[in-house]
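Each of the next two complexes has chain A plus one other chain: chain B in the first, chain C in the second.
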Partner chain A sequence: MTEPLLSIDRVSHEFGARRALLPGRRGHLAVDDVSLTIGAGESLALVGESGSGKTTLGRVVAKLLTPTGGTVQVDGRDVGGLRGRELLAYRRTVQMIFQNTQHAFNPRRKIRDILADPYEIHRLPAPDGRDAALGELMERVGLRASMLDRYPHQFSGGQRQRIGVARALSLGPRLIVADEPVSALDVSVQAQVLNLFSRLRRELGLSLLFISHDLRAVYFLCERIAVLYQGRLVEVAPRERLLEHPLHPYSRRLIAAVPGLGGRDSAEVSTADAPAAAPAAGGPATAAGCHYAATCPLHVQLGRPDRCLTERPALRATAGGSAVACHFAGDESPAPVPSVVTEEVR
Partner chain B sequence: MSAVAVVAATTDGPRVKRGWKVIVGGGLLGFLALFMLVGPLISGYDPNATDLDARFAGPSAQHWLGTDDLGRDLFTRMAVGGRMTMLIALGAVALASAIAIPLGLLTGYLGGWVDLAVMRVVDLFFAIPTLLVAIGIVGLFGPSFSTTLLALGLAFWPFYARLVRSAVVGVRDLAYTDAARVIGAGRWRIIRKEILPALLPLLIVQTTVLLGFAVLDEAGLGFLGLGVQPPDASWGSLLAQSRGFVLSHPWIGVIAGVPILLVVLGINIMADVLRDRLDPQGAST
Partner chain C sequence: MTGQPLLSVRDLAVEFGHGAATSRPVDGVGFEVGEREIVGIVGESGCGKSLTLLALLGLLPAGGRVVNGAITFAGRDLRGADQSVLRSLRGRQVALIPSDAGAALNPVARVGKQLRLSLRTHHPELNAQQRRGRALDALRRARLARPEQALAAYPHELSGGMQQRSAIALGLQNEPQLLLADEPTTALDVSIQAEILKLLVQLRDELGTAIVFVTHDISTVREICDRVVVMYAGQVVEQGDADEVLAAPRHPYTAALLGSVPPLGGVPPEQLETVSGMPPDPAAWPGGCRFQARCRHFTELGEPDECTSTWPGSADGLALSAACHFPLDDSPLEEVRR
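Take a look at the complex of A and B:
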């Protein structure tokens, strides 16, 4: 594999870390030692329940948050200490799209002014004048240039999300972080926006970090899927592999929870579907062991081995292209089924 | 039938009420402004000219609002004093805003130790009544027009700064400021383009409300003899003078006091109108 566009290297983020230095206080470890890569033109999904740290990781990649541990690299270069001109260059490489379209735009500014921001800040060239550039941008996301003089609230949610895409595209990024871009939209509109993403990826060769809890959207758009649980990466695998052959007990439960997807091997996951207690508030008490052990059906099945409670499972590669962070998962699974999806799109 | 009436009433209600407020509030302020600006011209008296033959003259054709203990025309003195009071109030509010708005924006947006330090100073001011702070400053520099302005301005800023700060905190974490950061907007650009416009309605309303307080507190300082000094007149100092004759010639106190009441009433009504206009939801602050 060639050098990845983006590599996330052992990134951790703890909220309230500074406060945690005081005795008696503890921060909240939202992202815990996660490593991932995204190749040029590749689309990676980040899935997991709310509170799993997927949004935090997305914000770290978009440099809205500075991680408390680890590094993010683009083209092999650490982006941690970027300032001024170099930071602007990073902004032109990595862009972000937000979940809540209602709050993602300043309600007091016209779309024209909002979309002109990137041109002003980055002094982008507009050979045929800025108006032409903005009009072209609108048309690229399926809107009309005549809508530029409207205010954000005059658009529907789906249209606003298109404007969000236009704003990100104006800088010509190579990677877009999309934080639940469709989950606040009507189902009928979701498909349109997803199609837009898919088209733009094809036309522009964009890489995508797609954060979602909607496995169907993920299946439609992404080649690889990374599953987060309580801040830790528990499994990363090619799309087909993960959906048809999830290895980690948590991935199994997640997939079983989606009616259309989980149905096919319901027998296998029925144990995984056992009543799972909600994770304790404030996260697990110790960093040792596996976070999922307390609710893990496999743990029970294997007679509650101590190893799950004392040793943190490392991510290990398995046959079939998956990597899983579980001491035991995969050992009992049948011979790997060859993946239908090509491993990676270069 | 009744349902229609109810709907009509609820949709017309606010507009009718607002129209009434504009007329009363605007009318009051307009009338008083006219009084201050052209009053001395039409009365034809020098505000400081004494006429011992006409001491304590009641309202008459010659002296519309009567005269004081030295026979000075009260109509003229009230008009000129009103100018002084309004200048002090406007200046004090301008000074308070000039300190509070930048400070509130900075502490709210940057947070951290800057926020902590400034807000502790604000807390300190909060522990002392506004007027007491003003009195302290007057005591330091001696009573005069400019000291009164300075004293009120310095007494008002902490309250205002905290208000601005909390509003900034509310806007700072909205997704659109994140979006601006991702696009590459710097801190100043975000404050200028994203945060300040969102605060504008609040700032306009608060400035107006503060103006009312400034008029009241000027009168308070003047009443204590710490405001504008004789022979110059302000509403506060006129009120202070009237205190000596409150039993023998009570109308002087009434004449000095009522305009203060009216101007504060007018300002507060207009602040209300502005709040309704600029912030239809009434929830963003």
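Take a look at the complex of A and C:
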């Protein structure tokens, strides 16, 4: 196997870790021992509900947060200790796109200045004049060079997200971390931005870490999908595999919840039967055992085995190409959705 | 639908501003909602779907006014009704569930207090204990995991899903005949979204509440709606049985909306279908069909004149099929394509 572009090795991030040293206080373990890799040109999705740690993990990769445990490597080099010039070089390799396009830009600055920032910071005089470079960036994301002198509020949400993409592309990154880039957009505009990502991946050979709770968007863009639950990686699999044979009970629940997948009747396999998962504030109650056991239908079905409560399930590879962190989920269990799910909505 | 519909809206128009600055974001909307029916209103931001809901309740933002049309609810005329009539109706017979429950709940009052306040307004005959009981019941019906705790909680102490359930409890505790839900799930995660959708269907089944469900996400419509109303640029462009419309859309806009939903399963396409361009400006609606400038079929059909000259819908806005001169299944488009 060739060297992956990005490799995340046993990364944890605990908020308030320092405070947690005081007696009686606990930090919040947002990411808990997660390992993943992304190859060059590959696109990996992080999915999970709010509070699953997907944004925190994205920020760790973009080096906006320093993990409290584990390492992030790019091209086989640990990025933890990077300083100065090397850190700048890392920032050219990995760029981030944010969800909220209203807050991602300084409202008092023109797009021209916003997009010129990366060049200033990295002291990169664009080869054939900055204006030409900025114009090209705008066109690359489907906007016009003549819009450079506008302010962020003069654009629609979808257009602003394109500007976010343009800013991320300006330094020629190899990996883009996109944190819920389409969730705030209307479905029709969402499609335009998803198309933009898809086109850029093909044209520029970009790698993508795509963070989303929207399985449809994820399935469209990413070859592999990683499912997070309360900071832990519960399953990672190729997209078709995850959709048709989700192994982890939580992945199954997530897929059953996709609207319009099986029509109205499938609402029965939906989620509400499980008690509303109320993740304890301040992090999971126990480090031992499986986080999902408290709400896990499989755990109940198997007569609540002790192992789920005492031993943390390790991520193990299965024959079908998935890796799952569950003691009992196996290939033999039936899929919750019919295997033919092609374009049910159309 | 048999007999009188519970809610009937005909040719509704809403205007903002005066003189040259007048805009008409809702322009000739018509639809009906029967008893126990769930009707979805779908369209992009700015198509007038939320304003339509607010107009029904007499709750348009400042400067907005209903300039045309008829609104009949349970045999009563709402358009001409004065505020005191509307006030007795709102919250009691017709309730609104807002899209952002976090913002809709009062941040400095406990959830229980907010529920009791609405009960005191509409049921002054209840004593404090009965009010508490009713509030608790409503939270239970909204499937809040720990209703007693929720009663004593401030909104910020609840998760987004629990806030939305509290807002639903607030809407349904007076057992309204009609629930207006304005994008009740867009601020929520997919798994919680599915729970809320399921809850709405259960409420309809248990209490017989009719629901108008407004959303920009056409894939959620299939999940819960009996009928669907598709809006574009202040008008209804298509309506009908939800399953039929979603399976075989007749208006090109409906088809485009469906095409922009990423398919699940199989090999994903390189590009999704999109509608190019932007919706027109409500201050200057174009003549003819308002979708024409963005309509792929308009170009493919050789830019027929009727598309730019005449509005293809019906006079009362109650287009029972598609407001299109060349609706999809009987247009010559297939020949053009061949």
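Heads up, the rule we're going with is that the second predicted complex is superposed on the first by the 308 of 346 C-alpha atoms of A that agree within 3 Å, B and C clash if a C-alpha of one lies under 4 Å from a C-alpha of the other, contacts with A are read in each partner's own complex, and residues count from 1 in each chain.
Note that in this section contacts are C-beta pairs under 8 Å (C-beta built on N, C-alpha and C of every residue); 3 or more make two chains touch, one makes a residue touch a chain.
Just so we're clear, the structure is a prediction, and the values are computed from it rather than from any experiment.
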Partner chain in contact with A:Ala132 - chain B first, chain C second, else both or neither: neither
Comparing the two partners chain B and chain C, which touches a greater set of residues in chain A: C
First, second, both or neither for A:Leu171, with chain B first and chain C second: first
First, second, both or neither for A:Val300, with chain B first and chain C second: neither
Which of chain B and chain C A:Arg91 touches, first, second, both or neither: first
Touched partner set for A:Asp117, first chain B, second chain C, both or neither: first
Partner chain in contact with A:Arg253 - chain B first, chain C second, else both or neither: second
Chain A contact footprint on chain C (complex, rising order): 44-45, 143-145, 159-162, 189-195, 197-199, 201, 216-224, 246, 256-266, 268-275, 278
Contact footprint of chain B on chain A as seen in their complex: 62-64, 87-88, 91-92, 95-96, 98-100, 103-106, 108-109, 117-118, 121-122, 164, 167-168, 171
Chain B - residues contacting chain A, complex: 174-176, 178-185, 189, 193-194, 197-198
In the complex with chain C, residue positions of chain A that touch it: 49-50, 156, 186-192, 194-195, 198-199, 202, 213-217, 219-221, 240, 243-244, 253-254, 256-261, 263-264, 267, 270-272, 275-276, 278, 340-346
